[in-house]
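One chain, chain A, links the two complexes that follow: it is found with chain B in the first and with chain C in the second.
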Partner chain A sequence: MTPFQLVKPEELAYLLPELILVGTLIWSLLLELILRPRQSRFPVAGFTLLGLLAAAVADLRLLGEPARTLFSGMIVRDDFAIIFQLLAAFAAGLVVFASIWTREVSDQPTAGQGEYYLLILGATIGMFFLVAAQNLLMLYLSMELLSLPSYLLVAWPKRSRPATEAGIKYVVYGAGASCAMIYGISLLYGLSGSLELHDLNAYVAGLSDQTALPVATFLVALLLTLAGFLFKIAAFPLFQWAPDVYQGAPTPITAFLAVGSKAAGMGALLRFLYLGLCVRGSADLFTALGGLHWPMLIAVISALTMTAGNLIALAQTNAKRLLAYSSIAHAGYILMGIPLLSVAGLTAVIFYLAVYLVMNLGAFLSVIMLENQGLPPEIKNYRGLGARSPAIAIAFSVFLFSLTGIPPLGGFIGKFYLFAALIQGRLYWLAVVGVLNSVVSLYYYANIVRRMFLEKPLDETPVPASPMLRGLLAVLALITLALGLYWIPLYQLVEFAASTLGL
Partner chain B sequence: MEWVDTHLWTIPLMPLLGVLVHIFLGGTLGKKLVGILACLLVFISFGLSVVVLLRLLELPAEERHLLDNFLPWIRVGAFSADWAFRADTLSAVMLLVVTGVGFLIHVYSTGYMHDDPKYIRFFAYLNLFTFSMLVLVLASNVFLMFIGWEGVGLCSYLLIGFWFHDLNNATAGMKAFIVNRVGDWSFLCGVLLLFWSLGKYTGTYTVDFYEINRLAPELPAGIALAVGLLLFGGAAGKSAQIPLYVWLPDAMAGPTPVSALIHAATMVTAGVYMIARFSGLYLSAPDAMMVVATVGALTALFSATIALAQNDIKKVLAYSTVSQLGYMFLGVGVGAFSAGIFHLMTHAFFKGLLFLGAGSVIHGLHGEQDLRRMGALKSKMPWTWLTFMAAWLAIAGFPGLSGFFSKDEILWQAFSSEHGHWALWLVGFIAAGLTAFYMTRLVVMTFYGESRWPEHAHPHESPRNMTVPLAVLAVLCVIGGYVGVPAILHGANYFEHWMEPAVTWAAGHGGAEAAEHAAELGSHGLEALLMAASVGVALLGIGIGWWMYSRRRDIPEAAFQRWPNLYRWVLNKYYVDELYQWLVVDNLLRLTRLSGRFDLAVIDGAVNGSAWLTERVSAISGWIDNTFVDGAVNGVAEVTRAAGGRLRLIQTGRVQQYLTFAAAMVAIGVAGIILWPSIQPWLAELWSGAI
Partner chain C sequence: MLTATNILSWITFTPLIGAALILLLPGRKVKAIRGVAVLATALSLLFSLVLLSRFDNAGRGITEFQFVAQRDWIQAFSIQYYMGIDGLSLPLVILTTLLSFLCIFASFGIERWVKAYMALFLLLETGMLGVFCSLDLFLFYVFWEVMLLPMYFLIGIWGGPRREYAAIKFFLYTLLGSVLMLLGILALYFASEPHTFNLPQLILTSSQWSGNLIWVPYFWKIVFVLFFIGFAIKVPIFPFHTWLPDAHVEAPTAVSVILAGVLLKMGTYGILRVNYPLFPEAAHWFAYPFLITLGVINIVYGSLCAMAQTDLKKLVAYSSIGHMGFCLIGMAAMTSQGFHGAVLQMWNHGLITGQLFLLVGVVYDRAHHRDLDGFGGLAAAMPIYAGMVSLAFMASLGLPGLAGFVSEALCFLGAWPVFPASTALSVSGVVLGAAYFLWAFQRVFLGPLNPKYEKISEINGRELFTLAPLALLTVLIGVYPMPILNWMTATLNHLQEILGVAGRGM
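Let's look at the complex of A and B:
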């Protein structure tokens, strides 16, 4: 018997992306200490961007290799994890880039501007581990690693009352959800005797032979564990924190939470459900083990989440709050693919996440650019923007229409694949709910477009914008459009990653 | 030359590059360079098309098709529609026509449009058109073809209304666009029905032409017929057949090179090409073919009669184009796909040349288009005259010229093919005589007789870059028919054999069967007789036309005097436009006004009502949210969400409430799970009791 050895040196090579990020974090910290507080913004942000880029490249180099379990089953390096890590790096990179030119962030009198970027980096490391975790303890720890910097980031503008309030709310709510989750995990451990997803899987497979009591206990444990995930992705019934936090946080951080955090949480949820509770059958289908009906539970949560998000969004007057509800609704759409237990559904989920990332970041970026120019995110301020700043208004409309799911934009293709998978999986009622919700969402998205183009501006002065953000906005809008016209490379990549899960 | 197998995409790429360069760098490059570049790129495409032809010739006849699937596009499950181009013998002919004739017309345009202030934009459009047309003919699947189909439609619209400052031109563009929309709607319905029914009846969802043609015989007859008719609706729109032909004469509002390229040589033939592409499908729907052939023959005759009385040189040619397109549909409609495409090719030569010649005349007369103010231009414009002669004899069906071979092939097939009928032949035969007559009328009124242009006009020959393309096309008009000399004239009919793999192979029954059928009918003797008849009617038409319009101008005058009503009917194109105006346009406008009123009264009310309702619903759901949460915590219901103010205040109590809500929901879930085993039977009982 080989002696127990937690870290094998040769495994470190497969941890390169994470190691790069950790290294970047350490060096950024040093940079932050060396440089004078007011100077550290550009160097640290630039260094962070480089680190994220390097991690993404390291990830890409590992793409396509056979899945490899590291550190005695703590984490796994497979294509599924890589795709989500790439998404996380992309989201974090864009948020860092946008933050450099965001007044709300850069004008803060806080000493040490670099800290902000360090925190984003820390959260990104959390996301990287979260989507690769194959052990419940590792999963929980990475989720905390993601959450703690997020709490700080939300409250980063220290003298802003809304931001502080949002931070407090987030941390209290998060702590509650975290409690529920760790309690659930401890129960799962008690039942199955292991924290590894594979052992959990074996335990669940034997559940059907058991008497009713352990099954009920198991279900309670499962529900409590799910609470942690639902909090992270802001799904029913743990979504109420999102609007308050999203509205109070600095807008780039709102985007980070709505996109990066949500994507990573969704990745972890997929792995937990598909690896822990399913077995991969033939013909690219999964089977839920132990006769449990959790897919139906997820389907109901999905329907409730999107309905709640969309209905409350209708009455919003603040753009950030509206986008918060919209992101809740989108969590619902994305969840639609999970109960299908098919690779098609899985692919649709990841594909939609990727598209959602681009279009939602774009929508938040539009809000940031307008905020920079002294237009607080109240929708009434966007009146007549089409005349004052046609570039931003057009790009914003592209993102909003894509979020609605109107062709030929990426959001349409994403929804198309989701609904196609639903029809294929015969989950018709959920498809109907999804379509009805999409129709409802048109009302509030189009309302912003209507205000921008059909109403007279309050004053005619053009709204300027920094050239860097302008460029980024154009790139995001073009990607959104391009994904509506030619999405196959992304789709094939995602399908490839999805089809390797659970093999 | 195998290189081309995987590089078919380079052919449309050239004009596409042109479009991008003209749009983004046009101003910097200047007119001269833009003109040269536009022509050069199309010429490169032509060169590549020749390479394709040579490559196909290398291959044995039954393997003559290249498939270049270079870009995956739409993939859903087992279904795929990719950017894939196919060059087979059919598309190779189209490629050569589009790039070859297209190149000549590009060159001609550098002269014709020389002084136009929107010169660069013109070439951007022209290159965009060439790109779209190449996508259309190279497409290996219906979706891709539809992209090209819509693309050429868009370019047609843009170029018809190119001089949009004149309201008439803009209106003509819109008319073309709207009429085409009707056809495109039909086309799209056909494609969707086809797609659906293939999936239902054969189990294969496919949009690939070869696959469709292979599977088409398995479709139920009724569906095949419906698909065939719907697709033909699209073809009738694009190729100006009854009842959708009305846009083409108006389309002459565009610059003359556009009329030559788009509205004579290439785009309007797309419908014929599409039917030939779907040859297998049409052969399994004989009734649809009958409709195609009948509509084609009637269009050929009908528009030939209109052409008799028109006085605008381009209008005559436009109706003539409609008439010739009718011949092509007659050809493909009786199953003679290769004859239809053959006529498409020769027509591109002679009708392209006629338009360019007419353009040269218009150019020389400073914009004059009325035949009654022309005449005696032969000596003033010798090159234009000489080349025009070739095109005139070709279209009139003078023996030995290109039009003679192709038209005669169609007429013979209309008579002898198993899908043909003597009545179809007769209609085509009469139209052939009329064609010879009105073309002779046009030639005489333009080039001969006394000069009727004003003193100060000083007509002049066009510059070299316009006359050289004329000369090249004239040579093609004369010799172009010799690729398809029929067996009866001891020819080998290379063209038919060339086309066989693409159309007859797809159709599933070979040329041998058709030959047998012809043999049954008997008969070389009969074929010779019919050929003699059509030569006779052509010569007769030419003779009468010449005699009437150069010697006895009084005869047509007298005829007009004698039957003034008939004349007015023909001159006014049988009042079809007025009929459409009255029947369709006016009623549509009336409907618009009506629905506008309806909109104001009912829809707006409903929309406002539903907006009100949704706001209420969301307010209520917000209220429920608050009430429930507050109730759970304090037993106090106080604020509604509509109050709104809570967002700006620090209310840490809220987050406790949120958590309570979440905890309550989780608790409900937990309770539900634990109690489920005991609730379920009860619920089931309740359920069955309720039923």
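Let's look at the complex of A and C:
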């Protein structure tokens, strides 16, 4: 056995994206200290953006290289991790960009402006490690690295009662889920004798020969560990925190949690399930090891998540809260692809996440732009917006219909691949639940559209918007439309990444 | 410019180009916007007439198409841009371009957000034409859904008092049907070898699939029903019809015309285009007893409901449910006359109901209500209008010599040898139709003139212009329907061959 050496210097080259982000964080901190008297938010935000961009470029340069395990199996640099890191960088970059022009953020005392961007950066580093972790301890630590800045970000507007309340709720709920998860991980360690997913895999493979007791213990450990993931992606039964937190947090942070956090949590969940509990067979299919029926459990969770999210969303009157329930429903849709144990299902999941990122960020950006102009996110305030601000109203509608899954928009293609994978994987009941849910969701999405276009405005004054956000909104809307007409480049990239996962 | 391979794309996308141009115009240039809309629909109509002149009546259709355009769109999933027409789709393409052109004129009364209205209307036309021309099921689905958005806004923004309710009801119903259809499309894709969305190829190879079929022997029936529900909601077939009266009544006149004239036909078209040739055995299983029963219910129930209405537009809406029932019994019988009758009925219903809704719009624009009992003696004040209405009513109730009679008679002739009892029941629909139309005519036009409407103005030139072509065609087809029947004969014969009933009812 070779002597234990945690960090081999040559491995650092493959950690470049993460190192760039950490470096950006440190330098931003210094920058913030130096510039604080000048009271300008642009340098730190701009520097953060540059760092995220550089990390994404570094990631792209590593794309397509053979998978490489780093630091004695702690993390792995494969295309699966890279695609999720790109998604995280994209989400964080857009949120930072939008935050610069968000009045909810910029109206806060300037003293705290720098730390806002630092915290986003910290959470992004957590996401980067989370989706690359191949060791349960590493996975847990990265999850915490993502969670702690998120708690702070939610409560960041210090004088805002809703934000503080949301922050407390988030931290209490998160601590509970985190405890359950670490307890589950400790049980898994006790059973398998290792924290590495590969060793867990070997242990699970031998589980079917065991007596009932270890299997039962293992199932308990599995459920406890899953709790951490389900909390992060806001899935049934651990989604109750989401509406309050989403509603109370500053809107850019809500968007960050709804897309970034969810995507990273989903990536980690995929790796945990597919690397730890599956073996890859022929024809791009996986087999669940040890005769465990967790795919059925995930399928049921998926059905319950989307149904609960959609049904509760029907009753919402606040746009942020509505989007919170909608994002719960979307966690359900995305989970549909996981029990299929096929590369097609995996591809559909990641593809959907990518499309969801664009359209959901767009929807939140619309809310931000309206909030900037003094329209709080109560849906009744959007009355007649089609006449007052056609550009925002049209873009918002594009995102909402895309979330519903109406062609020719990206959301439809995402759902199409999910349903196709379900039909191919012969999980018909879930496909039926899924399509019926998307019909239900039309009602509440269209309700916002109805307010904007079908009702006459109370006053006709136009709603202005900053040109930067206007431009960003247009770009996101165009991407949403383009993904509905020609999506092959993204699909191929995602399929390529998905096929690298698994033993 | 127009070649055999690109003419369908020109017909389909000319309105979309028009919509794009309109979006570039400033909203206050109403005349220019209307001009572009007229031009785009006129060009599309012109191209479709060129198509008609080049159409070969002898083409077999169903699996062999004319004017085919085929390009790869998404290779990885073998999705193609695949368009083509046959004797089944040709009449509907021409009906669509004609009605859309006329409806642009009927929309000149719209004053709020003309730019958005016209752009959405043109987008709707592209969607409709795409549905009738596409032969790739994925493409078909995309066009099918693309229509929903403009329709939602057209009803929801420019509709009547309950427009919001009607618009979302229409949207939810149709989306429910189409997502089930999407599952059906995916089931077919994964059952086929090699996997494809190509409709003719699916029809030709479906008998040879074996390994991928699931739930044999129920597979075909299940997929048939998934598609059928999607199409039935559009027709609409009882019990999926409740969106229709709301949508028709609340929609602005031109949109009602398109809804009744074209959108309803998509349901029956889809059943003939997809369900019948792709699942011949399931089609026989379904035709009797289900489809024929639903057809009879549609006719009798729709007509009875129409009779109970006091709102003229609602009366026309319910009469549509009844008239689509005639299509259904013709289709269920699977005889030559039945099929000819059904397809001709689609076309005729488009012409006649189009006129009815336009005529309702004319009186509504003047009186601002449509209450049957609120008029009285209008014939004295508006003789030309009364004449046009009586022509449309007579055509709709099936007076010999007018278009409606020919197709209804063909449907009955076709259904009689197969389902004598059901046919006998459905003939009552004609009697009921005569009853409610004549009764409505009497209440609105006959008797002493209601003094409130002494000064009501006669139908104007623009309104006559939108009605005249439809009225003329109604008379022409009523007298000599052969040209139109000839377009479809070869295709329908081929459909009968595929269904294994070649020559039934010849």
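Simple rule for what comes next: the second predicted complex is superposed on the first by the 497 of 503 C-alpha atoms of A that agree within 3 Å, B and C clash if a C-alpha of one lies under 4 Å from a C-alpha of the other, contacts with A are read in each partner's own complex, and residues count from 1 in each chain.
Please note the rule applied: a residue touches a chain if its C-beta (ideal position, glycine included) is under 8 Å from a C-beta of that chain, and two chains touch if they have at least 3 such contacts.
None of these values were measured; they are calculated from a predicted model.
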First, second, both or neither for A:Q492, with chain B first and chain C second: both
Touched partner set for A:V435, first chain B, second chain C, both or neither: second
Touched partner set for A:L311, first chain B, second chain C, both or neither: first
First (chain B), second (chain C), both or neither touched by A:A420: both
Which of chain B and chain C A:L289 touches, first, second, both or neither: neither
Which superposed partner A:P408 touches (first chain B, second chain C, both, neither): second
Touching partner for A:L219 - first (chain B), second (chain C), both, neither: first
Partner with the higher number of touched chain A residues, chain C or chain B: B
Contacts of A:V131 with chain B and chain C, given as first, second, both or neither: neither
Contacts on chain A seen with chain B and repeated with chain C across the two complexes: 420, 424, 443, 486, 488, 491-492
Of all residues in chain C, those that touch chain A in their complex: 74-77, 141-142, 145-146, 148-149, 152-153, 156-157, 163-164, 167-168, 171-172, 175-176, 179-180, 182-183, 186-187, 189-190, 214
Chain A-touching residues of chain B, taken from the complex the two chains share: 71-77, 611, 614-615, 617-619, 621-622, 625, 641-642, 647-648, 650-652, 654-656, 658-659, 661-663, 665-666, 669-670, 673-674, 677
Complex contact set, residues of chain A against chain B: 161-162, 164-165, 168-169, 172-173, 176-177, 180, 212, 216, 219-220, 223-224, 227, 231, 236-238, 240-241, 244, 247, 297, 308, 311-312, 314-315, 318, 321, 344, 417, 420, 424, 440, 443, 486, 488, 491-492
Complex contacts: residues of chain A adjacent to chain C: 401, 406-408, 412, 416, 419-420, 423-424, 426, 431-432, 435-436, 438-439, 442-443, 446, 450, 453-455, 486-488, 491-492
